[in-house]
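Consider the two complexes below, in which subunit A is the common component and subunit B and subunit C are the respective partners.
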Partner chain A sequence: MSLYDKIFPPRITTLPNGKSVAKPRSRAPVVILVILALSYVSVKVTGFDLSVVVRRSKEFFVIFARMVPPEWGYMSRVWKPLMDTIKMSLLGSAVGALLAVPFATLASTNIVKNKVLVAAMRLFFSLVRTLPTLITALIATYIFGLGTLAGTIAIAVFTFAYLGKVLYEEIETVDMGAFEAMESMGVTKARAFVFAILPQVAPSYFSNCLFCFEGNVRYAAILGYVGAGGIGLILNEKIGWREYPSVGIILLALFVTVFIIETISREIRRHLT
Partner chain B sequence: MKDSISAMYEKRPRTWATQALLLALALVLLLWSGLSIESSGSGTGGGKIALNILSGLAHPDTGLLFNFTKQGVAYLLLETVCIAFLGTVVGAILAIPLAFLSASNLMPKPIAFVARVFIMAVRTVPTFVYGLVFVRMVAPGPFAGLLTMSLSSIGMVSKMYIEAIEDLDAGVLESLTAAGCNTLQKIRYGVLPQLMPGFASTAIYRFDMNLRDATVLGLVGAGGIGAPLIFAMNAYRWNEAGSILWGLIILVLLIEFLSTRIRVKLARG
Partner chain C sequence: MIDFSHVGKTYPNGFQALKDINLKIEQGEFVAVIGLSGAGKSTLIRTINRMHDVTEGTLTVDDVDVMALKGKALRRFRRRIGMIFQSFNLVTRTTVLKNVLAARVPDLSWWRAFLGVFPKADKLAALEALDQVGILDKAYVRADQLSGGQQQRVALARTLAQNPQIILADEPVASLDPVTARQVMRDFARINQELNITVIINIHHVELALQHASRVIGIRAGEIVYDGSAADVTPQVLEQIYDGKLEEAENESV
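Our next item is the complex of A and B:
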């Protein structure tokens, strides 16, 4: 920051009362240059070509056009995988969210004074978070076999990593006064944590859980692709057979489900905060 | 003194009935979902495969890891970063008009509602469906991946943009009007400074997410590091998978570190 100001000295304005104000030069040109340079490299590497997009943009709608009208009769076969997807996300989110609490507590600097333990926990969270969910699901299908169990575990792992990080950041910003007061009255650390810290983080924790669940329902649709159960299984199958009207009804069912879940969860979250 | 404390304690809110109800509801939901979990059960080989995966991670294929040709991990990672970067840029730009259309403080209610439903519909279609469509539209490869990324970014990015737009402080605009600014000046000095940090922060966050999600593109042949990784895993070549995974983990950690630094700076101004 200071180096930049040395190269491009700030503009000095002298006010009518004799004082002078320094306005640092804008960083925008540098940022724009960097973005343009990176975009140029990306265009070269990926072979981006706008003319192809314009020329063949009709093709984009061809598949979607074949999905209407949706094959309504197929709906009877969609229910079970759709419910499987919801169940997978629900159980996976719950397991992941519960597991995240003790680990996130161990990763908060204001509760645990041992720096090594905190650093180790954070590294663990970061490592788990870098694993793409799809790869976790693939590994889970190898270990636990095909089916919804693998998908549930993949969702639990993802939720654990995501909520864990959010939760320890949340715990670190709570008001420590109540906790210290309880400790000074002779309450054990664990009890003080339950009665002084948890009530403070609970609303945002539940709100984040719901948010995660929403996203997981959507994400669970992909997991079927690697055999981890749910609606992705039939979606993948129908796309493979090019039965686009059936694909249309699956996507429509997914859309309605996600819409309902999001509406309910938004209502609950509004009450929580 | 003690009496007043116990009097207050007696007056504490008692919500155990609602709490018990909520707990029961949660338990019923969990039982409902837990009882139907199924798997084809390959319990016998599972432990061995887990050990193989771990040993693959411990002994990555260094030849692949330090191979700087087009088949090496380094190039694949570069391709993935490029897909995620340009995809985010395109998506973030496309999301701007959509977000303004669905901001309820600027647009009439019906238009905002339609735009919101549209954004949700775009968001519901799973990434790999877009991938398949784009692979058909332009040839398989990173270009298709880029288009997929940009389309699947739109949903979340515009949702966050909308929140930023709805939080706009109208007072600033009013005072600019009072000072005699025209519309262009109001946008330049009143709207842009309020929106830019939020928009930039959202785009950077989405870039982070796109990088993690880029493995999905490999499923449909839309470029990136996903395809080689999934091939290696399907063929049980754990050393190869290990080296790709290490490359991906280091890259994601690095990008996350950088993006958090930039976003903290943006948030503090």
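Our next item is the complex of A and C:
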């Protein structure tokens, strides 16, 4: 019996025949109190001021109003960076997703029995995941120069770290029965993995790849801020010059693109699972 | 011939699963292993194909010392031994045929294994194995669309496609209904007789065991307490194997 049960004794239900069961008291009130206390602390620490939010919020609509109507004529200059953005995210996602498979396999405790190797792989994944994509892109521009290559690499690194973690967690929850059966038939671990584990994780893996790609299109849009190519480059420039009608057309183009990609991806994912 | 000589098995946590097992099983026998849960039935069966290691004594299969096998030699050895599981252990997301073809994976070249492309001869062999267990018509159905009994037959076909000398079955009928269980046991008996494959089955269902197996081995707390013909198993023998708990359970249910 825990301390909590001693302070708030469980509710006892007694059946007509004299037998009884105890229902422990809910822990929810304590959890709610803790959350409220933490919220209060974070408001104090971050200096969140509601009056500023209320007073200044209307400025958003001022800026928004200046984007309308968008500068349609500028669209001809938006196409190339927009396509660059999509290419960056597509290639980066594909490379990252592919690389994630062998590494995630080595990070799965049910496949690899060597605890040191598994721990090393997981540490590697968390290290890579800690790196914000924008910083990765910035570093990549120092190494590979300004442009889409740096952006592609930043996206690949992020995808690798994210999908890798999702995948090894997925691999650890599969039914090991078929794997065991194949091992008992004298199949090597690598082949047993391909035949018994991959079919089980494939649908959710592809689904996660697409989900990641959706997010990457949005990520790729801001990588231009650090010179890693794509639509962020002109977005940064036009906001800097306060050319809001041009900003309007860039955002509209981005919105339509993301919407189309998300719709297609959602449709495919629906059929996968 | 499978030969256990003073075989013992102690788990790393100190639990002694098998104690001084001495046992000879000839090629073509149909053996049922019975006993309480945790008595060591599963451990006994799984030492034969080295899914579990033994810690004392020697275990030989056709004069090969099982514990001396490693890596490639162990895998080649395992290919002669089929294994059937309580929960079928199929890849449920893929077709029945692909599941049976799994038995052919060790012989594939690496690129065929990686891409999952099987030679025509393998496909034919797999289809023949499915025909042997009477579910040829299900070859291109996804495994999870089948009933439990049909799935266990797929597992049986997969084992047959391996051309085994020995089939080890770990509670093969425990998750099947009584009618299907009987059919699957008949499949085992037929395969045992027609192909002269040694069949060793762990089973809780004593009646089914006595009906189909020719030899019964009773295990209690890691020790063999009965080894003889199925026809000689008397209620007293069962009491001994089940540690007097059979009668207890029957009295309770009254």
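Following the convention adopted for this analysis, the second predicted complex is superposed on the first by the 254 of 273 C-alpha atoms of A that agree within 3 Å, B and C clash if a C-alpha of one lies under 4 Å from a C-alpha of the other, contacts with A are read in each partner's own complex, and residues count from 1 in each chain.
Definition applied: a contact is a pair of C-beta atoms (placed from the backbone, for glycine too) under 8 Å apart; a residue touches a chain by one contact, two chains touch by 3 or more.
None of the values given here were measured: they were computed from a predicted structure.
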Clash or fit, subunit B versus subunit C on superposed subunit A: clash
First (subunit B), second (subunit C), both or neither touched by A:G73: neither
Dominant contact partner of subunit A by residue count, subunit C or subunit B: B
Subunit B versus subunit C as contact partner of A:P10, first or second or both or neither: neither
First, second, both or neither for A:A196, with subunit B first and subunit C second: second
Touching partner for A:M182 - first (subunit B), second (subunit C), both, neither: second
First, second, both or neither for A:D84, with subunit B first and subunit C second: first
Touched partner set for A:P29, first subunit B, second subunit C, both or neither: neither
Complex contacts: residues of subunit A adjacent to subunit C: 175, 177-178, 180-188, 191-192, 194-196, 199-200, 202-203
Residues of subunit C defined as touching subunit A within the complex: 49, 51, 74-79, 81-83, 85, 87-94, 102-103, 105-106, 108, 113-114, 116, 155, 158, 162
Parts of subunit B lying in touch with subunit A, wherever the complex brings them together: 26, 29-30, 32-34, 36-43, 46-47, 49-50, 53, 78-79, 81-83, 85-86, 89, 120-121, 123-129, 132-134, 136-138, 141-143, 145-147, 212-213, 215-216, 219, 223, 226, 229-230, 233, 245, 248-249, 252-253, 256
Complex contact set, residues of subunit A against subunit B: 35, 38-39, 41-43, 45-49, 52-53, 56-57, 59-60, 62-64, 83-84, 86-88, 90-91, 94, 126-127, 130-132, 134-135, 138-139, 142-150, 152, 218, 221-222, 225-226, 229, 232, 235, 239, 247, 251, 254-255, 258-259, 262
